[in-house]
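Two complexes are shown next, each including subunit A; its partner changes from subunit B in the first to subunit C in the second.
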Partner chain A sequence: MMRRRHRAAGKAGLAILVAVILLWTLFPVYWMVSTSLKSPTAVFYNPPELFPAEPTAENYGKLAGGTVGFTPISRFFANSSIVSGVTIVVAVLLALFASYGLSRFSFRLKRPVLVGVLISQMFPLVVMLTPLYILYIHTGMINTYRGLVIAFTGFTLPFCIWMLKSFMDTIPRELDEAAIIEGCSRLGVLRRVVLPLLAPGLAATGIFAFLDAWNNLLFPMSLTTDVSMKTLPPGMILAFGGEFKHDWGGMMAASVLVALPVVAVMVFLQKYLVSGLTAGSVKD
Partner chain B sequence: MLHVLAGGHVSGNSYRIDKNNRLASILLAPAVVVVGFVSLYPLAYSGYLSLFNYRLTRLDEMGFDPTANIGKLLADSLFAKSLGNTLVVTAFTVGIGLVLGMVFALVLDQLTERFEKLRGILIMPWVIPGIVVGYLFMYIFDGNVGVANYLLQTMGFIDAKIPWLMRGDTAMAAIIVANVWNQTPFYTLMFAAALKGIPVSVKEAAYVEGASRASEFFRVTLPQIKTVVVITSLLEIIRNFNNFPIIFTMTGGGPAHETLTSVLYIYKVAFDQYDMGYASFIGVIWVAILMGLAILYIRLLNPKEARS
Partner chain C sequence: MAGILFKNVGKTYPGMGGTKAVRDFNLAVEDKEFVVIVGPSGCGKSTTIRMVAGLEDITAGEIFIGGRCINHMEPKERDIAMVFQNYALFSHMTVFQNMAFGLQQRRTPKAQIAEKVRKAAEILEIVPLLQRKPGALSGGERQRVALGRAIVRDPAVFLLDEPLSNLDAKMRAAMRAEIAKLHQRLGATFLYVTHDQIEAMTMGERIVVMQAGEIQQVDTPENLYLNPCNTFVAGFIGSPPMNLGEGAVTKQGDGFALEIGGVRFELPRARFPEETLAGYAGREVVWGLRPENIFPEFFYAGEADHLTGRPVLATTQAVEGEVFLSEMTGADTYLHVRIPGKDVICRVSSGLRHRQKGKLKLIPDLSRLVLFDQDSGRNLRDAV
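Let's look at the complex of A and B:
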């Protein structure tokens, strides 16, 4: 497309388009951050301040010491971090084994398993809540990290497997073959040949598992009843539902903190996320 | 690339594809167990519960009664309304997101060397948690202090402040804007990747023939990436059918059920009305609708299968 880039009119038009796109994308984010830096009175100024005249960290300070009932808000952060962290490890490990099986083996139920993996990405989470709640009560997993990790892993795993398999399929099978002829076992091939070449795929899968776990609202909302076991999304609803609904500054400060880890991951690892997404969604 | 589901045969050497069923099942077992526990079993159990009259508030009436929930469905105008709302939200969100995503991708495609940096910024709305998107746009569209009213008034589009989330049609519009903001990056990424894959020779041919920009897009570019466009849209239709956090935080289905979508309704029947039997029943109907779309998706991924 080089030919068009040097036309002056086209170039100006393109610059305007880019500016509009950036404004549309970034304004809401800017509004969230700038509101979080306004004092409780400044939030209600009419007309609103487009730039906070007297920025303050007051809202963040309140969050640091804030509680829901007897549970400090920082506890929701800890819960989210623990549960998402463990989910990444478990989901990537299970997806690694499963995708190796699907990529390199031929077995009788392979087709139904592949179709099942695809279809289970589309199950509505809401429909699974009631049975899962009953199941968790019977197995004593309500209000446990274990229970949340299993739920998050099961939910994210189908897409993780699909994505990792599409990465694995691009690793030439001749390499497996050469290693086997030299006396490597099948699992040895996975460890010595496939794994070192799979780093970008593992990164993409890990990021995806993290986003899914960190952003999940419905599972922790219904599978934990004890406030001290809630993760950030249901914790935010508890903190800003009801009487605090119009504490916009506090709500936006909490929003910034909840969004910060995923945005940071995205900024540093977007290359992997993008390749994984396109690989997992349109290729098979 | 498109025939893996058919078995992925590599002819010739037996070292390349292993037929060791035992090792394959050991590799797959942990994943199957976890997904079975979290997805398949609950879904099957939902099917079972849908045959019961099972209200947590009236456990004395609990029992096997397959007709009870059918009767409720026939007398229930809200479920039909929720289906209509879901269709409206999805149609507008996907339609607008698709067009915006295509425009963004075409613009990115012109900026090859700065593409990487810009892409990092453009993807941001997509990773932000749904609940944060919901609260942020609830604030932006607040009738009193919302910045949407301020900007629209300043630019002269509206005379008086609109109580966006208090009225059905405007609440729906606000939700669609939040959804589009959140989802457009996904289309952009998919389309940008697909545009990169168009062979240079094809573009050059169009240029040599003197095709205008519009006709180049509709006659050359679009046909080249048609498959990606269709698959991405279908994927997003399914995701919007299941979208919960944004609507839940922005309106909770209100005002007066005007933005109540099917997943929100299923949630409310189960956790506000405690009618587990009926919630499961409409849940099963909902799953059947989604599975129809899922089968379509699989067939599109796998054109060979569709023909047989």
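Let's look at the complex of A and C:
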């Protein structure tokens, strides 16, 4: 009897704990959405409104129709999509081949290569910014998608390689060997056996590369000077932030817009993140 | 026509001072033969089979399949199929797709693939499973699928690398018979690697015993069991293993005698002729007796009897011993008996009313006795 009551108390305690954690994580998200629906004056009400009393779509209207100079805000969105999309493809593809080599073959410099890849991840973004900027000026890559994709890919690739390699390591080598004996080439093995089984890993890595590129502020801010080449994060600052203006409503509406694709990607790819796709290939 | 011929084959792994995994491996596997390579883990047996498959480079010597040297051939050109310990099924494909994989790689027409897969599935009785994925199958079923993937291509040589090790004991026994049947039916050459000597003994037409990268003995199961070439093979084959002890050979009359447990036994001349033992008079040797070749005296009291399996023994001399453990395994009971200087295991029928503990006199069957050189460990009969 005592024990049962004990267990019930434990369950209740757990529920409360979960509720607190959820509140802690979700409240900022809620605050972002609710602020985006408030008028500029309502944003500064004291005490603050938990629910916008008079919700307005005016901030979203600003996003759709607004401009920075002659550049429509929607252009930032398009820039971000293009650059992030290409970055995903390039980074995942490069990481796929690199991690297959690092996972499956043993060669003399394997460890140094792996460690080197890891070390390159340890330099902060800022350290690379100035050399990159000078390099881009000399090669004419300032204000190009190409330049941004290369910068994003270079930044995200080391982690992608490590991540994909650890996924690759969980696929038993015997599958490669069986396929080779059945008549596959190495590329055939990669395409017909490893790739399908790696889907969760590819999805996870792709999401990571996407987030890295999508959320990056420093690179596009510095490596583009032309407003029409800015991506969303610097674009938002140009549109709604600044020394003398604080358009919180607009900023939050833009934030919702930035967060939406991320949420969509997560929802769409989540099923691939559930591991267990390799169940049954070998005895556990 | 595809035998496998190994000529001085060796494998050295780079690094770590060049570990020699396989050394000077010479073997001729006949066409349609079932040869089992057995040995403790790390003995080089898997490396050997993987060299045949083309998954490891051959660093010394040559391997021929059907007369063609395969050293530099791609695996797919070798006319082989392989079954792995962990099945290595493609979990994203159905059973049908798994089995059809190799044929698709060879651009076999679709109708032909369907026909071949169906036939193989019928042989292995997995037709109802064809549309399932490997994840939904039991271990035994998965192993059948792996076998199916191997047989659809109709290769000349089957390579099986510990295919039953991941199955439970009951399934393993069933699959043993299944694979032996498959071999008869397909008429292909089988090279089978295992660490399990029961599998080796039950399935192999010939058995290769390996240790530390070298072949110890290549022989039929009977010869391997009755006449192991050295103390390693004697201890490795058979469960429980052969009793091995040390004793002195002495000259006795015009024959020889051996001391076991403080008793001198006259050695049967037919089994140990003069020339074999001449150099060993006055020296210690290692004697070997299988547990079933040591009889409790009470069992032997009476005439030889075919019904109870009571044999005619060459001697009635007995060694005094004391039972300190008895293991009942079903039909047989293993008596662990301490005789002077040695503990031996003696196998008796559980139907006998043997003593659980206490004194017991043992009579060795000297017609099954094996003697080994103390230094080299080699069987004296081969040493000449």
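Throughout what follows, the second predicted complex is superposed on the first by the 257 of 284 C-alpha atoms of A that agree within 3 Å, B and C clash if a C-alpha of one lies under 4 Å from a C-alpha of the other, contacts with A are read in each partner's own complex, and residues count from 1 in each chain.
Methods note: a contact is a pair of C-beta atoms (placed from the backbone, for glycine too) under 8 Å apart; a residue touches a chain by one contact, two chains touch by 3 or more.
Being a predicted model, the structure only gives us computed values, none of them experimental.
Q: Touching A:W248, do we find subunit B (first), subunit C (second), both, or neither?
A: Touch status of A:W248: first partner only.
Q: Touching A:Y30, do we find subunit B (first), subunit C (second), both, or neither?
A: Neither subunit B nor subunit C is touched by A:Y30.
Q: Go through the superposed model and pick first if A:I119 touches only subunit B, second if only subunit C, both, or neither.
A: first
Q: Between subunit B (first) and subunit C (second), which, if any, makes contact with A:L197: first, second, both or neither?
A: The second partner, subunit C, only.
Q: On the A-aligned overlay, A:G188 touches which partner chain: subunit B = first, subunit C = second, or both, or neither?
A: A:G188 sits against subunit C, while subunit B stays out of touch.
Q: Return first, second, both or neither, reflecting whether A:L157 touches subunit B, subunit C, both chains, or no partner chain.
A: A:L157 contacts subunit B only, not subunit C.
Q: See if subunit A has more residues touched by subunit B or by subunit C, and give me that chain.
A: More residues of subunit A are touched by B.
Q: Looking at A:L175, would you say it contacts subunit B, subunit C, both, or neither? Reply first, second, both or neither.
A: Second partner only.
Q: Show me the subunit A residues, by the header's touch rule, that subunit B contacts in one structure and subunit C contacts in the other.
A: Touching subunit B in the first complex and subunit C in the second, residues 174, 177, 180-181, 277-278, 281-283 of subunit A appear in both lists.
Q: Once bound in the complex, which stretches of subunit B touch subunit A?
A: Those residues of subunit B that touch subunit A are 1-2, 4-10, 13, 15-21, 23-25, 27-28, 30-32, 34-35, 37-43, 45-46, 49, 103-104, 107, 109-112, 116, 118-125, 127-132, 135-137, 139-140, 142, 145, 147, 150, 154, 181, 185-186, 189-190, 193-194, 203, 207, 227-228, 231-232, 235, 238, 241-242, 244-245, 248-249, 263, 266-267, 270-271, 276, 279-280, 283-284, 286-287, 290-291, 293-294, 297-298, 301-302.
Q: Okay, in this complex, where on subunit A does subunit B touch?
A: Residues 1, 3-5, 14, 17-18, 21-22, 24-26, 28-29, 31-32, 35, 43-44, 46-48, 94-95, 97-98, 100-102, 104-108, 110-111, 113-116, 118-120, 122-132, 134-135, 150-151, 153-155, 157-158, 161, 169, 173-174, 176-177, 180-181, 186-187, 211, 214-215, 217-218, 222, 232-233, 236-237, 240, 248, 251-252, 255, 258-259, 262-263, 265-267, 270-271, 273-274, 277-278, 281-284.
Q: Note which residues of subunit C are touching subunit A in the complex, please.
A: Contacts found on subunit C: 53-55, 75-76, 80-82, 84-92, 101-102, 105-106, 133-137, 139, 142, 149, 153, 166.
Q: Spell out the residues on subunit A that touch subunit C in their complex, using ranges where they run on.
A: Those residues of subunit A that touch subunit C are 172, 174-175, 177-184, 188, 193, 196-197, 277-283.
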